[in-house]
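Going in written order, the chains are labelled A, B, C and D, and every chain counts its residues from 1.
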Amino acid sequence: MNKKIPVGILGATGMVGQQYVHLLEDHPWFEVAYVAASPQSAGHTYKDALKNGWQVHGDIPKNVGSMVVEDVASIEKAVKKCTLVFSAFEMPDKDAIRTYEEEYAKAGMPVFSNASAHRHTNDVPMLIPEINAHHLAIIPAQQKKRGWKKGFIVVKPNCSLQSYLAPIVALQHGGYEISDVLVTTLQAVSGAGYPGVASLDVIDNVIPFIPGEEEKTEVEPIKILGHIKGGTFANFKGINISAQCMRVPVSDGHMACVSVKFRRQRPTIEQVRSTWINFKSEPQELKLPFAPEQPIIYRDEPNRPQPKRDRDNGKGMAVTVGRLRPCSVFDYKFVALSHNTVRGAAGGGILNAELAYKKGYLQNV
Amino acid sequence: MNKKIPVGILGATGMVGQQYVHLLEDHPWFEVAYVAASPQSAGHTYKDALKNGWQVHGDIPKNVGSMVVEDVASIEKAVKKCTLVFSAFEMPDKDAIRTYEEEYAKAGMPVFSNASAHRHTNDVPMLIPEINAHHLAIIPAQQKKRGWKKGFIVVKPNCSLQSYLAPIVALQHGGYEISDVLVTTLQAVSGAGYPGVASLDVIDNVIPFIPGEEEKTEVEPIKILGHIKGGTFANFKGINISAQCMRVPVSDGHMACVSVKFRRQRPTIEQVRSTWINFKSEPQELKLPFAPEQPIIYRDEPNRPQPKRDRDNGKGMAVTVGRLRPCSVFDYKFVALSHNTVRGAAGGGILNAELAYKKGYLQNV
Amino acid sequence: MNKKIPVGILGATGMVGQQYVHLLEDHPWFEVAYVAASPQSAGHTYKDALKNGWQVHGDIPKNVGSMVVEDVASIEKAVKKCTLVFSAFEMPDKDAIRTYEEEYAKAGMPVFSNASAHRHTNDVPMLIPEINAHHLAIIPAQQKKRGWKKGFIVVKPNCSLQSYLAPIVALQHGGYEISDVLVTTLQAVSGAGYPGVASLDVIDNVIPFIPGEEEKTEVEPIKILGHIKGGTFANFKGINISAQCMRVPVSDGHMACVSVKFRRQRPTIEQVRSTWINFKSEPQELKLPFAPEQPIIYRDEPNRPQPKRDRDNGKGMAVTVGRLRPCSVFDYKFVALSHNTVRGAAGGGILNAELAYKKGYLQNV
Amino acid sequence: MNKKIPVGILGATGMVGQQYVHLLEDHPWFEVAYVAASPQSAGHTYKDALKNGWQVHGDIPKNVGSMVVEDVASIEKAVKKCTLVFSAFEMPDKDAIRTYEEEYAKAGMPVFSNASAHRHTNDVPMLIPEINAHHLAIIPAQQKKRGWKKGFIVVKPNCSLQSYLAPIVALQHGGYEISDVLVTTLQAVSGAGYPGVASLDVIDNVIPFIPGEEEKTEVEPIKILGHIKGGTFANFKGINISAQCMRVPVSDGHMACVSVKFRRQRPTIEQVRSTWINFKSEPQELKLPFAPEQPIIYRDEPNRPQPKRDRDNGKGMAVTVGRLRPCSVFDYKFVALSHNTVRGAAGGGILNAELAYKKGYLQNV
């Protein structure tokens, strides 16, 4: 590639937007060319527009720090400046997000969204590239139905399911069908954004409730595991998932304590383990820049994975699994972990865009 | 009662021993008259013998602070000075603990133990007074078999199951039989004693492993729920329990995320809730000093129970439950919490002794 | 006293307001008869008006939970219902607070304020009862100047100086004059209210800045140490204080690392220690309910005071000091600690009111 | 350089030893060729010898993981395998450490030590390369006096002074002489090694005591600032330092709250700031691999430096300073931060070795 693909970030001043800016620094294919936020931020440099400061690691990349923030409503500027946009909106009004994403798509922009607004729109793929890369095939139908030429919308699922779903799907792919999943998640505070969770709530404490999180954790997988039928997604009916989502005093890294039941015969411990270790998928074959070499890492030590010590595995894009052992009620239990603000947010969105690019869905590149 | 019953504490300088000293200050029935520890501590005042300092709340009660620590081997002194002993041994050698407890019982001392050494001895009751007070009835058989006159051994179960077992048993008592339980515990660091868990392991982290804890959490309930048959305990066969035990950055208070399946028809949410709220048992009827007025407290707020805000409910002796909701795999899920160093350790031991006293098992009082 | 004195709380739904409600439960002299907050809260029961929930220990006292919240502007209702008010306003608009407090005083209400609005009003006493109880003597002048009959305003100082000022003043009273003080405070997150400090800012971190805090810590003592002259306060000129204020991952308890220089000869370690231990003042002599029996507690252990283990000393009203040792630059260094939401907030306000009552400043009781 | 210099690590299995292994992975000049520890560890592979596991970031470098650990007493093996050794001993017996380091030096090994045993030996340089690189000039005298040929000993100072000493020395170098320093340090738990500080001591708490730390913080700088006279070091007499050292719930990163008094006229804020920003020293001029490009980074934001966000600056080798402001007792106050296990431990030792190599003190390379 001679020249990098210019990309935009919508909601660039929020915490997820900052993660996009951070992770796209030195990206081999993409470069940030457009940052947009609310009218209040518009007109300021990116650096000055960060009212709560820079929340992510390191410093603001210099070129973005001095970029002028645009009003998200000035779509025509985005069209001139960039080839695709990442939607990192964090505002509570989902209807507004939905509309913005559609407007950008209508104007010709491929939109890769981190927001939940379009996750259940039935012609919008909800993508984890290692799991359902083939869902991108719905894009032509999406464009046709909506009269969009080059634009489209792709979303990523919630961070809470990133740790446990890949290990389950790897087993399904390996021929070991799972019928029931009980999962308790121990989630990091960064999942709530900034300022997010009050320190008085997590010092020496656990909060047993995250609004809306258990529903997302249970429902989103059945779309991801579904198939395309007549231009829309049909949910997968073959799995039951129940989730309890807890907030723990950890900055980054969502952990999941999982119990699974197989539909038919259960594999041996060694079969499960080797299925995970050998799991590779399209992002690995395509050598996408953000694809971890090994999507599922298994640690044999009895006390792993741990958020602090394993969240950065695979540059924050790998799932780390451990403690595989028999379950006296179901078949097996294990613990899985992923980085909620990398794989579970901006990193996941970037991987989606890489996949779409490599598979030829970006028409104007 | 005119005069308080003199009691002893074995392993008095450890963290559980300190909790006994703390909780027995101003006890209406009992007063500490004997503190014993290893030969190294013997001969020093209690205050000076605490090599890691006083780890529990407030100050060392003055009368105990100046008491001379005895060698645990000098059983004859205990016999002279006190009527019953609490065993708070924390040494790794379970055989040694087992032997000491038997020696004290043989010498005529009722022993109320916090240690795990005798939990699976088949004529030793493992007691949670609200659940299986009737198991004390094995004492005559225990004494007869072993040739003990007035002494006997009673143990309490592990702290990790104190939060979830009472709510389950309350439902069983209410006629709602539970067949399967999947539980993930989020346990406080005080459960590992002092110095216990390294701070580098819990700052910004969760440790997904506590040696031996999951086994105890799964196995001990089936003895507690069992019955006496021919002078020994027969385990309960009607329930399957699977546990995942996590260590979280919380000082005190074990939380359990529980999913339950009923054997037959499931009760309504309101039936479950009212069964819990109305649950009372023998300790409440006998008005034992350490019995919480309401053994199971239900909180309706969506984000409770929390360790920091609920562990002290009922002076640390109540179980607090919340978040009762349907489960898409089993029938219901809920979150339960109890104070691991009060109800789950010394407080539980004291309640056992109160029960035994009130029910007439202390022959020399 | 046959009947308790009815008191009101302004800004009752905030975190400081909740602390007042909590600490006044079972107060021997006062009882809450009036709770007021912003117009949005008015008309709801106190329980329902707490939009962030009950943040302090235990449960909402039942009688207050069901009390209807009044609009703070309806002063005439306060006049009918209560004899004095505590001002616990937390709104950013200091002018509005100043005006409200004056309106209540004008209407005949003694106002005991936790807010900073009137701290530097030159006829308003800023009180720590153990230090400057005699400053209450300005009240007649304050009333005369403003044309108030029975009402007046008394404030308490910032929480950050409560830990170090009493030990310094005790030495001054003992004849050991201090000329220079360098203090670094390690402050708990509860000092910022709720939601206050973001958890992402304090997990595995320290924040070296608290807006406005260092100024308050340096300036307020010179008024407290000052004297009344011609109906206003003249600042004390004899002491230089420099402060660095840090926010640490602690829920409650402000710690201060103090270095002091004496103006003339320095006392011995033993003289300093015994001066502190023997320090008593008017609140102790008057046996005020919230006065700690021993206002300054000295701990000899090398690793005390600690926030978690010492903040509740004297029911949260005592200052705990330790680590007194020579300083190679000044004369001595030591570490001091006080509970920032008890002594440093509501508890301090209550003690002020107790003092004013006992000394006869409440005319209509 | 064609071939890397083979280096050894003494006490390689401890936490500091692990840091050396970690930081030396991919070092451009050095490669680990010898790992030694106590007789109990000897004979096992490095990976198996880590009884508390791998405590530092990432994974054990593969080549070292499979290396066989030698007994530290088998010095002749070190002589065969490597050119210099890093001493990372953490055992409490300082005499033993002192003897080992001397034995290795006597056998011809340059020893770069992290231990405190030889810090006050009067012919051993205690080095911070940016501050006193010229102290290496004592090596010939050290060798001559002790009859050593090629071996010698160089130590690094304690981690607690790394954050505040460079900013002070930079000012001295700039012509602004400082006479008095009062410093309060807020130190991370990793400074105590593993398991080190108990989690019960730091959850929701601060410990106001670290044994021996304040003495080191006050005394070591006067040797570092001293000069060589007649083959031994003469301490610097021109500065008074007083330290209070606190342990806070932070994993890595020591923070220092500093107040300084100038001997003569004080510089302006801008002069101080620019002196820091422009400070460069020999390690920068020599382009040593571990030398941070900018040894002192100044952050203008009001709430920086912070341990979590600034400890990794300059790959953990830079000091970050902020909050420079006037002090009402001395002249200025500021906050400084450095990474205690990188700059303050293994990274500092590596930089010392790089300096000695580049300046020609390694005779057999």
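As a working rule, a contact is a pair of C-beta atoms (placed from the backbone, for glycine too) under 8 Å apart; a residue touches a chain by one contact, two chains touch by 3 or more.
Note that the structure is predicted; figures quoted are calculated from it, not measured.
Here the chain-to-chain distance from subunit A to subunit C, counted in touching steps, is 1. By number of C-beta pairs in contact, B-D leads when B-D and A-D are compared.
Here the spacing of subunit A and subunit B, counted between their Cα centres, is 44 Å. The distance from the centre of subunit A to the centre of subunit D, with each centre set as the mean of the Cα atoms, comes to 41 Å.
Averaged C-alpha coordinates give centres for subunit B and subunit D that are 48 Å from one another. Shared interface positions of subunit D, defined as residues touching 2 or more other chains, are 201, 203-204, 249-251, 303, 308-309.
Chain contact summary for the complex, subunit B toward subunit D: residues 55, 189-190, 194-204, 249-251. Those residues of subunit A lying in contact with subunit B across their complex are 180-182, 184, 186, 201, 203-209, 211, 218, 240-242, 244, 246, 248-251, 255, 257, 259, 302-309, 322-323, 327-330, 333, 335. In the complex of the two chains, the subunit B residues touching subunit C come out as 53, 57, 203-204, 251, 301, 303, 308-309, 312.
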